[in-house]
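Some structures to go through are shown next.
Each of the next two complexes has chain A plus one other chain: chain B in the first, chain C in the second.
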Partner chain A sequence: MSSAPEEHLRLQEIGVSFGNVNVIPSLDLSVRKGEMVAFLGPSGCGKTTTLRVIAGLNKPSQGRIIVGGRDITHLPIHDRDMGMVFQSYALFPHMNVSRNVAFGLQMRKVSGRDAEARAAQALEMVQLGHLSHRKPKELSGGQQQRVALARALVIEPSILLLDEPLSNLDAKLRDEMRVQIRALQQQSGITAVFVTHDQVEALSMCDRVVVMRGGNVEQFGTPTEVYERPATAFVANFVGRTNRLKGRITSEGVLTAAGQQLRSATTLAPGAVDVLVRPHRIRLQETADAANEVQGTVSSITFIGDLVQYGVRVDDEEVVVEEATRRDRRPLAVSDKVTLGWSAEDTLVYPAGEK
Partner chain B sequence: MSAVSASAPPRQWRDGELAILLLLPIALINAIGFILPVLNLARYSFNRSRIGGGIETVFTWENWAGLLSDRFYLELVFNSVWISLAITLTTLIASYPIALYLHRASGAWRTFLTVLVISPLLTSAVVRTYGWIAILIDDGPVVSAIKAVGLPAPSLMFNIKGVFIGLTEILMPYMILALMAGFGRLDPRVEEAARTLGATPARTFTKVILPLTLPGIALGCLLCFVLAVSSFITPKLMGGGRVFLLATEIYDQAIVTLNWPLASTLSMLVLIVFGAALWAYSVVLRRLD
Partner chain C sequence: MEIHKTSWPMRILVFVLFIYLLAPVILVFPLSFSGDQVLRFPPTFWSTRWYSALFANNQMLKAFWTSLSLAAIVTVLSIVIAVPAAWVMTRLRFAGRDLLFNLFTAPLLLPTIVLGLAILIVFASFGLLATMQGLVFAHLVVTLPYALRVLAVSLSTQDKACEEAARTLGAKPLTVFFRITVPMLVPGIVAAAALCFLVSFDEVVITLFLTGPRISTLPVELYNYVYNQADPLVAAASALLILLTLGVIMIVERAMGLGKAFVK
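Showing the complex of A and B:
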């Protein structure tokens, strides 16, 4: 027997249509027990819809949903045992915090006192024990968010489903909650799906990332894989930022771009290509050991504090280079001639025109 | 320079002043069209009636004392309140599913259905009442249909049953509109949250939908109760003179018997009933918050 982690959730050829609009053509996905998977993609790509299909809130027009080896495609919502955290939190406005959290237990026929104790415990877990008698409208956004989380976790669901849970919080709170949600998920060992359009959330919180686009999976991999080896130019652009240079591969298999020959770790059929390089993977001046070296002229300098962003004119294309601010070298000035260098691994090549 | 400083600075309205100014027209209309006539009625209720419709302007408790010691009038008040409450309840039960459906509908379909719900209000209650009489009368389509199935023929017209059916239908548009106005707190996401937490559709209804729509229910019931108590044409026509309610009795006393002081006293009694209903409504609303 291999020690590969057990599969917990499988989506098989799931398709969703609203009226005659086919939002998700056919989606396959497998999530392992205890891992947290991010659905990452631009707004409208079908992340929420897929999450709602898992919860039973949307009916798929085709395909199967399997949880723990059991086909739940036709199971009613209330029998699915999913803990869902809605983007708008969706707390019960007529119940206080404690009764909100106890609701799921009450529906599971847990006795009143037991339910109360477990709700109190769940509220302690999200540090809200002292607010158990407040109504939702008397709480801040961050507090409501944590109540929603406690309400979903207290029932010890089969899968925790989170729909952009941090998008309505301010930046500082968002950072805190990121750490807290990940810690809670790991402590409880629960399988979780985390929907987000924010690459930082996806990369920093999740074991694996599903990059989605127009209802399709563009890439499914660990954060490092998705960032370092993007399967498509879309993924490279959406997960982190890139420069894009027009290039081509000759019939001898030689890659040229920016008016010269470049080396890449990827091989591709001859033809027009796009060459993608991340701004902070390009070095300025100290390029002795770089696989690729090109000459350019500084055209703009933007100081961002920790970073300096240079616009460099190469051939007739604009390349953005980012560098940590430093004092050991004479600062560059506009119109300076510079040498840019980067490695073959950082030279990502895709068929031309791919968005 | 001097010209500028000489001109008066633009008048600055303070909040209170502006509010009073804006409220003045409606306050005036209310005072002339509502408060004064009511005070006038209150005055009549302490006057004495003369045979033939005259009013003797003396101060007397006779009307009030007579009314409160007469079983007929006490039963009249009790019946009116009781029947109105029952009609309000049936109207609520008949309207709630429609209002909920309308609340959830969207787009052109919703507009169409809303117009359909409101359209009875475009027809006079008199016309609709005659319509109901034609439908419910002894040889009408409903009774014939019941007879055709072999069931004993019920008498649906010119008794309390007719009034019940007619008023329920006439009040439904008001109830539906009031319910919809009060359904603002009902968020589909909240219902979905209940479902994912393990609530069956039935429990989602009792634990989430019903509590969240209580403000609408309270508003609709208040409105329909008041309209039912004060409705006059439908009980008069569909009751066939055999159903005695406060509003019909006030009409008889004022127009037929010409006993204005007694009619005024009954009217004041209706006002007291309305006051009680309003108080109950405010208590419910405060409890809900």
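Showing the complex of A and C:
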């Protein structure tokens, strides 16, 4: 897989404006064949707009879209060969499930019997073969979602585009569909772009993640890279949660925060900085091999079941620490003195004020 | 709908309002079975003579068929014109779109007497007075705004993602229109058609200017009839018209439920 990954989709200096508002200034992106890429970001970050530009539903004001070496920037929507799953599913209410799925094949002039057989096969693939004669409104949300997926996949599109496909499902169904969509994508080896504002979806389902903000790419990397080595404080905050401490780097290059010297794997120019540490990377009490060690007082305890969340007052800042619940230690109580410890790699440093 | 929670004073108020609105309509039915020479309530004795007189009145029957075919033609034309027009108004963005929409629906606000006069003046010079074509054109002026309004509302509440999905699946714009947009619009089309039919069938003011001895519609004939004599024949005709209206509404109700057709 990793040897010579072939590029399938390329966005080149794509810009989008709605009226006078420049939604996407200039975006470059390259997606490999067969990989699933997530566009992750808060609402209004341009992720859906970018997806719609690929589908042809929005026109870019500049730039080029290249799929499989071919420039499709000016190709009409119906010639682009994209399979799109909409947030609202957008099933045709006046057609039954089987006709919904066969629609794309009919448009491709596949003969009636062939289209029917392939639609049936696609429905089997999403385990809905038995509901082919139902109307969309007679299906549950999860079933509609799977019909939409079958309809997009049956045409064997050049790219599968998914626009927040799981946001209308309840939590349990969402987990199931995550697994199923990923499995279908890997089986068919199709290149897919997945738009979401949910970091769990992005990290768990996709090969690579594009973190977007304000129409710009903040970081493009594997889920591990994005989580462990966030390129900006925004990425660190948006992908997973984090503590933020005010600090500074002296002219000698020494990092101080929470009233003491800290060690970090990142180096930065002297000045005011923000120090970010993820709550579950902080150890309580057991600080034998921790590069950084600070003293604090427990100020709040929240029991969540599999996790306990402690608020710890350090210097004059509040640090959140998360631990798996355990029985082998006396539970902490409010106003206990504790020692917090974490590694240099978990100490992320960014220029101060970067949001 | 939580009717059982409505307070008593409210129920009485609604009841009174309904009586106020419906009393004249309900009165028409006993009046139509009057045996008297003149319109008078209550009738002194009952008979069906005015129904017989109505069905023996050739002028009335002719006017009825004129009205029926006129309403049918006007309805079909209104839908055929208003569906693409409403699509353009709701789906495309262009300068002056709102202005155009308001212009098209303006006849709804104009006093019909003004419209009638204007149409009379224009049609006179084209020789369209007292012709079927003239009546069709004149009624279209009145029905098109209704059709456009109803269809534009239906179209703007329709999920555009369905059209977009069809496009991404390989359908050309015209295919999307006929295979997705129009079928999804059927409830709106039925509602608009019923409205156009009833509006055209009922139209009096404008039609008065355009009819003559050669061609006349039922409402105009009834108007002329009442002008000359006040016997219960008009009550019999009114009773039948009410039943026809109910019939149209029931067809709509059967087709998709009134709420769905007119509200959304």
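Here is the rule we go by: the second predicted complex is superposed on the first by the 352 of 355 C-alpha atoms of A that agree within 3 Å, B and C clash if a C-alpha of one lies under 4 Å from a C-alpha of the other, contacts with A are read in each partner's own complex, and residues count from 1 in each chain.
The rule is simple: a contact is a pair of C-beta atoms (placed from the backbone, for glycine too) under 8 Å apart; a residue touches a chain by one contact, two chains touch by 3 or more.
Only a predicted model underlies this, so the values are computations on that prediction, with no experimental measurement involved.
Undergrad: Once both complexes are superposed via chain A, do chain B and chain C end up clashing or fitting?
TA: clash
Undergrad: Check whether A:Q127 is in contact with chain B, with chain C, with both or with neither, and answer first, second, both or neither.
TA: Touch partners of A:Q127: none, neither chain B nor chain C.
Undergrad: For A:R80, is the partner it touches chain B (first), chain C (second), both, or none of the two (neither)?
TA: both
Undergrad: Touching A:A55, do we find chain B (first), chain C (second), both, or neither?
TA: Both partners, chain B and chain C.
Undergrad: Taking the superposition as given, does A:F92 touch the first partner, chain B, the second, chain C, both, or neither?
TA: The answer is both, since A:F92 touches chain B and chain C.
Undergrad: One more residue to check, A:F103. First (chain B), second (chain C), both or neither?
TA: both
Undergrad: Residue by residue on chain A, keep only those touching chain B in one complex and chain C in the other, then list them.
TA: Shared contact residues on chain A: 55-57, 77-84, 86, 88, 90-94, 103-104, 107-108, 151, 155.
Undergrad: Please give the residue numbers of chain C that touch chain A in the complex, ascending.
TA: It comes out as residues 159, 161-162, 164-172, 175, 180, 183-184, 186.
Undergrad: Sort out for me which residues of chain A touch chain C in the complex.
TA: By the definition above, chain A touches chain C via 55-57, 77-84, 86-88, 90-94, 103-104, 107-108, 151, 155, 161.
Undergrad: Once bound in the complex, which stretches of chain B touch chain A?
TA: 185, 187, 189-190, 192-200, 203, 207-208, 211-212, 288
Undergrad: Using the touch definition from the top, list the residues of chain A that touch chain B in their complex.
TA: It is residues 55-57, 76-84, 86, 88, 90-94, 103-104, 107-108, 151, 155 of chain A that touch chain B.
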